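Structures follow.
First chain A sits with chain B, and in the next complex the same chain sits with chain C.
Our next item is the complex of A and B:
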């Protein structure tokens, strides 16, 4: 039973973080930009969500506000790296740096509690952890599926084409900059969505809650890609790979916690397990 | 699956299944928010005092939010956890929300969260906060001519609420307060410098918050440069290097937490009756190295006369 519960817990946590990993995956795999800014926009989404829900007491409005703020963050990071003015990694680190202050301005202090904020659904108000986590995961799942469906057509193809060869796209008369900016806005809006839904579930927004999230997103995206039986780089494939990678990550995490690994060795053990998985699947691919 | 990957997965899962079938039936979970000496002292006190036959299992979130969720899931999914003890406000708040419908007794050690604020009647807390007046009185005993102190606090909800009380208590003792709020570690480096501290300040006072406590080495450089005191509100900070502090022993907080949880599990008390239990025994913790160096004259010079015997006047002295 415990294994099943761990699996359920890993899947629900995976869906909570899925927008973050998928967002990073979009920029990393399709746009071919190493963008770490979701670590900052995750917190930005959480902060704007927390502040908005405290003012309006409307979960859905706060969620949209958080995502919009994330999208704005994506637009800023694009402007910073446009025309190779700044290295993409440096641009995203710069944004994370700036967002620290921006988040503090919005929150007013490093940590803000949203008390007993609820998620209204079908005339009912859900305040408890389990229901909120379930609904939050479902909302993330629906948004991701809708987006993947949308991107599976021509629009998604344009995004991939810009990542592959933006010069050719320009020659063909497409505005590759606008498409790349939209891609980054989308990726960061998804990170903000993950931050907002995490906030409602844990009950507070914290200025440091994004620490390590870029690592989780990139690692799980790569782990998912390496262990998934399907290798085609499609949007549906990306979504499933990210969910698979996140599920495995959180499953291993819960098992390491279960075995009570000494804190000193915890991250070392986790890192070694992830490296083994990545190496093992690489060997499998070679064969 | 190839020859490398498959055995790895099989071994991993077999290991889980075997381990899970051999779990002790009744346990108590003690969750630490991060790795810290002071938190380990609470754990030590809790484990030492725990009289029940339940095994105390310690989890550590290592300061990451995603780890906290996984820990709470592990506790909820594993059989036999009779009660959960968490340390600190944020962790207690999250656990109270998580276990709202599960009706598991919850104890927040070194936390100050009321059951009504999280709508969870199963929650009770052991509050280890020390009134500002006790700290200020200790400073006054040690440095009788004190006219001003500098309060360095993190800019968070709980700490900001404490500032007016601190100022009020200081005012009643005829002491002025210079308040410096800091947002981050970097902010601390920029805002707390020898030039930013008022010239007539006798001491930098820090309260119980992770941000300031984690920067004690930097604060020590500032106070040594100015020849003033560094005073704290807990034992952990003195362990890190603060000159002295008035507070509750972390070990004792663990002991009282274990006693409260034991009473709740044996149904001699209910969580709502306990509510937020204040720790009553305050001690003056003194950095032994500093004290010795003051006696031998090798400590950095202070710019005013102090009376070290005054330390024992405020509350019982515990060298650290």
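Our next item is the complex of A and C:
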């Protein structure tokens, strides 16, 4: 029973973080850009969401505002690294650095409670933590499935093609810069979505809530890709691989808590487990 | 009335090092011209100037009265991987290529379109008939033939080949060259190929030998190269 609950908890937590991992996956795997900016846009989405929901008391409007802010962050990071003006990693670190102040300006203080704000769905309002976590995960799941369905068509093909061979795309007459910018905007809007839905569930937004999130997103995306039985790079594949990686991550996390691993050794143990998984899957691939 | 390709006194330098020094020639539609010369004589640069991938620093390149730098022409290069999307299927590659050229209109890939495409690609090479197979899994020769097939399906104003068989083994190379010429027969456009192999001259109707960035020889292939001429071209 305990294992089943851990699994359920890990899956719902995985769907909560899935937009972040999928967004990072789009830029890392499809666009072939190492973009760490979702670490900053995750918090930006959370802060804008928190402020907007306090003003408008409208969950969906606040969610859209948070995602728009994330997309704007993606456009800025693209402009910084366009035409090799700045190294992509430096550009994303620069954005994270700047967003720290921006988020502080929006919040007015390091953290802000959103009070009794809740997720309305089909005329019902879900207030308690468990149901909010479930509904938040479902909303993320619906948005991700709709997006994946959309990208599995022609638009997504162009995004993958730009990541794979942007020089050819330019020669063929496509505006590969615009396509790449849209990709990064999408990736960061998804990170902001994860930030916004995390805020509604935990009940507050904090300027430090994104710490280490880019690492979790990239690692779980890679873990998912390495353990998934399907290897072809498709949008549905990416979604399933990210959910798989995140589920495993949160399941291991719950087991570490269950075995009373002290916080001092937490990240060390988790890191070793992830390294073992990645190495083992590489060895399996070689065989 | 088609004017064909008109190259007028073009010049081009890399870092003040002149590579193409005032070259002029005309090529009529249907002509097959081979460009030969030693390494670094400016063959590939000349082809890039003809295709419009690079703009000449002096002079002009016009095809049917239009500057090619304003309307670049795609070229089949020696490394087909530059012109294909390796981690996509054959069908996806065709889509990307043909969508750009408005060969695929609204409505996308219909079953009739896919059937015709499959038939066409199979006629080039049987391995290309499986539209869902990944381009990465094709051999070097198959990739080169696939690229050639993509170029031939475009309403190409010219067929430009830059040592497109040079990275292949002799058997695959011969197959690629023969297929190229077979398909080029039906084209009413100029065919220009840059080659290192004098054996390829059998596929051309005319050759232009470059030396030191200038035209050294320009004549029909019916007058073969003498031993002394070969030595002076490659010296």
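By definition in this document, the second predicted complex is superposed on the first by the 287 of 287 C-alpha atoms of A that agree within 3 Å, B and C clash if a C-alpha of one lies under 4 Å from a C-alpha of the other, contacts with A are read in each partner's own complex, and residues count from 1 in each chain.
Here is the rule we use: contacts are C-beta pairs under 8 Å (C-beta built on N, C-alpha and C of every residue); 3 or more make two chains touch, one makes a residue touch a chain.
Since the structure is predicted, the reported quantities are computational estimates derived from the model, not experimental observations.
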Check: Given the touch rule stated above, what does A:87 touch, chain B (first), chain C (second), both, or neither?
Finding: neither
Next item on the list: Using the superposition on chain A described above, determine whether A:116 touches chain B (first), chain C (second), both, or neither.
Entry: first
Notebook entry, point to check: When the two structures are overlaid on chain A, which partner does A:158 contact: first (chain B), second (chain C), both, or neither?
Noted result: second
Note to self: Contacts for A:209 in the overlay, against chain B (first) and chain C (second): which applies, first, second, both or neither?
What the structure shows: first
Notebook entry, point to check: After lining up the shared chain so the two structures overlap, which partner does A:172 touch, if you call chain B first and chain C second: first, second, both or neither?
Noted result: second
Next item on the list: Would you check which partner chain A:104 touches, where first means chain B only, second means chain C only, and both and neither mean what they say?
Entry: first
Margin query: Between chain C and chain B, which one touches more residues of chain A when both complexes sit on the common chain A?
Written below: B
Note to self: Applying the document's definition of touch, where does A:56 land relative to chain B and chain C: first, second, both, or neither?
What the structure shows: neither
Next item on the list: Show which residues of chain A both chain B and chain C reach, each in its own complex.
Entry: none
Notebook entry, point to check: Which bits of chain B are touching chain A when the two form their complex?
Noted result: 1-2, 4-5, 8, 12-13, 16-17, 19-20, 23, 35, 57-60, 62-71, 73-74, 76-79, 90, 93-94, 97-101, 117-119, 154-157, 160, 183-184, 211
Item checked: Residue numbers on chain C that touch chain A, as the complex places them -> 53, 72, 74, 82-88, 92, 95-97, 99-101, 108
Check: Across the complex, what residues on chain A touch chain C?
Finding: 154, 157-158, 160-161, 164-165, 167-169, 171-174, 233
Item checked: chain B contact footprint on chain A (complex, rising order) -> 1-3, 5-6, 8-9, 13, 17, 100, 104, 109-113, 115-116, 127-130, 198, 202-204, 206-207, 209, 211-213, 216, 250, 253-255, 257-260, 263-264, 266-267, 276-277, 280-281, 283-284, 287
